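Just so it is clear, A, B and C label the chains in written order, and each chain counts residues from 1 on its own.
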Amino acid sequence: MNQFMTMSKINSPRAPLAAQSLMMSHGPHTIIPHLDIELRTGEVTAIVGPNGCGKSTLLNGLARIHKPRQGTIVLDGADIHTLPARDVARKLALLPQDNSAPEGLTVTDLIRFGRHPHQSWLSQWSEDDERAVRKALTAADVGDLANRPLDTLSGGQRQRAWIAMSIAQETQLLLLDEPTSALDLGHQIEVFELIRTLASQGNTTKSSPPM
Amino acid sequence: MKTYSNYVATWVMLFLACLASLLFGAGTLELGQAFAVLTGQGTEDARYVVMELRLPRLVIGMATGLALGVAGALLQTLTRNPLAEPGLLGVSAGSAFAVSLAILLGASTATLTTLISQVGALAGCGLVVAATRIQGAGQDPVRLVLAGATLTGLLLSLSSLLMLIDQRAADEIRFWITGSLAGKRWDQLTATMPSLLLAGAIVIGVARPLASLALGEKVAMGLGHKPGLIRLMVIVAVALLVGGATALAGPLVFVGLVVPFAARSLAGADIRKTLWLCLPIGPAMIIAADTLSRLLVTPSEMPLGVITAVIGAPVLMVIIRARRIPAL
Amino acid sequence: MNSSLDSTDTGQTPLHLTSGHWLWRSTTRPWSLLINKRSIVVNATLTLILLACALSSLALGTLSITIPDVILALQGKGTTMHTFVLEELRGPRLLAGALAGASFALAGCLMQTLARNRLATPGIIGIDNAATAFAVASVVGVGISAAPHTMALVGAAVATALAFGLAGATGTRGYRFIIAGLAIGAVSGAITQVMLSSVALDDANAAYPWTVGSLNARAPAAVNALIIGLIVGYTLSLFLNRALITLQLPEPVTASLGTRSGRVRVAGLILSVLLTGLAVSVAGPVGLIALLGPELARTISRPGSIPLTASALSGAILMVLSDLAGRLVFSPLEIPVGIIAALAGSPYLLWILLHKSPDINR
């Protein structure tokens, strides 16, 4: 149950993310020899496997954190490595496992980081930012914790805060790396329900990406 | 068999280094004349240069290298830290500061300098071992080395402060603090010898218990050793050795890192074999470095401490790159 | 927190998302500014403290001048003696100290942030020592005729390149980089010693300030270069700030938020090296300011922010105070600022090393 990696795609007209003949390696070790994958819209895709089978490597490749040895990753019809980093960040969010944040940071502070790709020097806190953060607070059910420092929260609360940060990024794709590994059974179910809700909302509500 | 040939090879190296040290020098003495002295002939002048200038320097260099190499091996085993080197961890700086203070206050006899140097080394060594027992930081070799570098910096600043106060002392300290074997006489060695011999006796007694302490405190206790006592004895031995060496040649960084590293890579993990190999390697390194220091910028001399730093820094990098040391 | 100007409270949720900030939004354009109140208060306070330290530094010394007299002299109405002491001696020295301190601390803050490690400051990784070695080489004249501040910059750059090369890894994160720097620092220090011990004593005395860090050695050209460098470096680092903030999160998150961390690191490192090299050419290796300034700034700043301005101000304050202490404590004997900074800073650094996590987030 713990060895989960979940990908949910929200609100996308067509398959937005695909990998073609993907080969990923870590130094001399080949982690993923060959993989074709296409992620469909409005659903939750779970990738299951034992430790060390390359789940995180795949996610890092898909999110363009590591360059693949061979093959291409296509985001909305374009090779992901040719797109500007900021454009990718507006379409695709990755939440890795085991995250740590600066001491004293509050839940709201953290969620605001999710708005980074939508902001600039001249637009530091738009109404869209405001609305997205409020939505994320509600969606991840951390509204009550908004002003609490992260280090005072339980593992499950903290994980929901991190998920809220990714939600606030308002991307059509959300890659979550073992989002429930730190949680007890009750919180695991909560997080999975949250992910399913996000996917289904993605089909019904139309979010307006600020341009 | 391999170990045996290692021993022979290192002793041959030491012999060659000694020979070079006697034959080559900054002076105008020709090679043939120096060699003639060694075979029992030679002019009066040549005899003076070789026997009165180069020989004491050679013997003092041997003592220094021996002391620093053994001290490094002991400290590394005790702290289980491949980077634990008396120079890097601030032990040498402790004794250097003590000696600077003594020079400022007017101490001049070699015996007193040695004693003061050893007291300073003891304080530095105590600090290092206390630091290794702090939870978290003590197990982190790199943090410990940085702490040592900080302590060294602090003590150097204090020494600089002393140098500002007294110009005469400043010149003496400035010369001594770079580390050099130049102009050393027999009386300095006789002042240091007793304490080095004492340290040697301690090392012989403590080598076996230390080897079992390397397996863990509980194992050592199970074998009937007292970890606290072993630790104390090792600290005293390291302080005597480093303090003595610093009194002889000034603070030399990296010798205690390079020598045990070379010995370990030949002998493996056993501390006793490592210590045996340190015996030829330590003196060989110092003597080779000292000979180089005379030859590189003739007619003047390059300070010995510079040569050991230039040799040691790459070895430090090799150790860091070869081992997976816990992240900072 | 009181936020009367805060217009974000829409009434739907009683939650203030931007409490503690001043928010301004343009009604006609998609522009908005969010300014943290605490950072304003912190920076204003630090500026006031710096001004107070600067005034004390001008007033105190072997010749004490009262504060009203200092102000009179600054207005051009003082006695000739006062004007001379302030304009020729203490003023330039104060300026050099404050600028060098600010540069050191800003460089330290940048490097700590991009390495995600509070120990990764230019002084600890040997940049100071290498810059010093190069500067000394030009002072004692080892066949090189470039100006000391140019040489210091070259030295800083060489040290950084070497640290990267020896560490054999991309990315500044990690202990290898720090140990490589330590080794480079040790060798550079040794080389400086050689140069000083192999030249005539007069030259050695001339170069002595370089080895410990002192404001006596400052050359007008180096100070001018530092002024320009600090203005450029500070402005560029403010532009980097938006990306630097995301570097506080784990590496994959940083990338996922659209920050090109590799490029940001390189840019930050270049700035840091530039600022350090220029500061060394004015004040010598006073590396601990690069650790203490940001540390002080971080403890009083808002969590999760990169206190660039506060670090620079703190660094300037610490430098001015160290210099003042060095001039007063053993007066008329003057203790170089580097020694004071080391004496005050080393115990604190030791405490960090042995008792705190080096992770910048803790």
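The criterion applied here is as follows: a residue touches a chain if its C-beta (ideal position, glycine included) is under 8 Å from a C-beta of that chain, and two chains touch if they have at least 3 such contacts.
Just so you know, these numbers come straight off a predicted model, no measurement behind them.
A.B. asks: Linking chains that touch, what shape results: line, ring, star, complete or other?
C.D. replies: line
A.B. asks: Quick check on this structure: which chain has its C-alpha centroid closest to the centroid of all protein C-alpha atoms?
C.D. replies: Checking distances from each chain centre to the full centroid gives C.
A.B. asks: Between chain A and chain B, what's the gap in Å when you average each chain's C-alpha atoms?
C.D. replies: Each chain's C-alpha centroid was found; their separation is 56 Å.
A.B. asks: Could you state the distance in Å from the CA-based centre of chain B to that of chain C?
C.D. replies: Measuring from centre to centre gives 36 Å for this pair.
A.B. asks: Using the touch definition from the top, list the residues of chain B that touch chain C in their complex.
C.D. replies: It comes out as residues 83, 131, 134, 136-137, 142-143, 145-147, 149-151, 153-154, 156-158, 160-161, 164-165, 171, 174-175, 178, 253-254, 297, 300, 302-303, 305-306, 309-310, 312-314, 316-317, 320-321, 325, 327-328.
A.B. asks: Given the complex with chain C, which residues does chain A contribute to the contact?
C.D. replies: Within the complex, chain A contacts chain C at residues 60, 63-65, 85-90, 92-96, 98-106, 108-109, 112-114, 116-117, 119-127, 130, 133-134, 137, 143, 146-147, 149, 166, 169, 210.
A.B. asks: Provide the residue numbers of chain C that touch chain A in the complex, in ascending order.
C.D. replies: That would be residues 8, 10, 13, 15, 17-19, 21, 23, 25, 30-34, 239, 242, 245-246, 248-253, 255-260, 303-304, 359-362 of chain C.
A.B. asks: Sort out for me which residues of chain C touch chain B in the complex.
C.D. replies: For this pair, the touching residues of chain C are 117, 119, 124, 166, 168, 174-176, 178-180, 182-187, 189-191, 193-194, 196-198, 201, 212, 330, 333, 335-336, 338-339, 342-343, 346-347, 349-350, 353-355, 357-358.
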